[in-house]
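Order of writing sets the chain letters: A, B and C. Residues in each chain are counted from 1.
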């Protein structure tokens, strides 16, 4: 056995922590539709019973778009089966999960090219042309 | 030592000593009293049977008073049953009793206890209002009645506040709850709350005396 | 004070993109238990933050706190130590020893006078100074000397925060907490045995990000992590409310993951973030592993009765004392009855 993931875990019983989050997501979608206001839910701050995070992930499912980001470790940005609801998972250089978020937005900010990076990239391109 | 440690330590400890010593003091003092001399021929044996009969019959209202006392009688029963349930069927309480009795029994869900507690406090308030508005009850009530009411209701109210919180820390609320129970323990043997352990003794004694004197019970 | 680079500069020098930086800020917000809406502010603050010098002092301790910190994953302690803070003295982690180590401590104190952070793990003996010394200096002298020029002191672990095991009854070394000795500097307590690494790093990150210490509760603990009880955030809480309790460690209730209150869980009176932050890279926390909370982040937790004694168990003292009270009751009763009988006899005679 090399990692804790290999310890068999039997999930018993329902604790009902998933439903309130689904409710929160629905209200966030309402806000997005009505006033274009995005919402970010930090999943690290919520109490989950064993298996509930997986239950939430399975409930939300996978949608049309999944993006991989490689910056300070890998990140996966995935639209869930519910358009506008994005599942973000950040990992560090050791491939350990350092953050999980639900973003209820049209496009998560981190997907857009960033001003500073564009400026730096343009400079690199300029160097190359010269 | 913080408030909670004081409450569940020395405060509860001293209160428990007072409760035990006071209860036994009062019981022994009453039981060892000389029986009143009988100046007339006994009309009946006046034994245990007579005692049990009155204990049973006095659990209900005499038909002639039924209409007049139905309201307080129902309230009284609801309050006493409610007190029993909140004290003895709330799981943290059962664990408390198990701590020195060594055994436990099944409890009720917290939500059921909470509702029972609210109902119990409600009936206690209704009974107090009646005591303060009824001209007769007002006349025969003294400090003991009001203070006994207060020390009984305080643990209920402080207990009900614990899950509500109102932004106060759990330990503080728990400590206040335990302190209110300590107050109840200290007062119980000496005031009218002594009926907790005397009620059936007094009724039984009355029943025995009644039978000896030939009164209909 | 020498000019230290900002975190933004350090990250850019390492070729970290803005996206990477945003990710770093998001995890930092998560770390500080701040709402995600704060991320832009955090980004601005971190961009311009300068890494502070940190001096770590270890006194009467077991190194468990250092173990907890160095085993932490987020945002990677190596990153934190080498990028965000300048750990100038830590006698377990540093290569230097003896006079060189002490020289490093003095150098850091002089260079960053008034601006460095002092982290302390372990309690300080106030009895015989020889109980615990480093390089021949007593713990108390080293602490008082080092905090003189500090911006703030962080007491790491229950020993430094509250006295911990060394301070437990009968406290043979006269151990005290940092806050009992340091009165003129802000002291943040990060208790736990050990504390959650994330909470330790969060306090440092907060200081680094906003240049200020977090909001504290009455025991000097950061409210963001110690504001709620384990019980409040426990996923087994519904079972408590339903009255479903494990009665032993191997019964059906325990297997079904019911509430551990009856097995002595101190969750209701313990303020900590274990239930949400969790341990071992978010794997679980004690209750999730089937063991009641010991209450390790509360003052004096060693002396608060048995770990497996339910919280609502009364502390009645011995049964013998209760029997004594009963005997006293009998004596009082007999005396009262005798007095009563005398009065009865008098009344009968009069009648």
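Throughout what follows, a contact is a pair of C-beta atoms (placed from the backbone, for glycine too) under 8 Å apart; a residue touches a chain by one contact, two chains touch by 3 or more.
Values in this document were obtained by computation on a predicted structure and should not be read as measured data.
Chain centroids computed from C-alpha atoms place C closest to the centre of all protein C-alpha atoms shown. The leading chain pair by number of C-beta pairs in contact is B-C.
Centre-to-centre separation between chain A and chain B, using Cα means, comes to 58 Å. Mean C-alpha positions place chain B and chain C at a centre distance of 43 Å. One simple way to say how far apart two chains are is to compare their mean CA positions; for chain A and chain C this gives 31 Å. Listing the residues of chain B that touch chain C in their complex gives 2, 4-5, 8-9, 12-13, 16-18, 20-34, 37, 91-93, 95-96, 98-100, 107-111, 170-171, 174. Chain C meets chain B in the complex at residues 229, 231, 240-243, 245, 261-262, 268-269, 299, 304, 309-317, 319, 321-322, 324-326, 328-330, 332-334, 336-338, 340-341, 344-345, 348. Within the complex formed with chain C, the residues of chain A that make contact are 4, 12-13, 15-17, 40-42, 44-50, 52, 69, 71-72, 75, 90, 92-94, 96-99, 101, 109-110, 114-117.
By the touch criterion given at the top, residues 16-20, 22-24, 26-27, 29-30, 33, 35-37, 39, 73-76, 79, 233-238, 255-257, 275-277, 280-284, 288 of chain C touch chain A in their complex.
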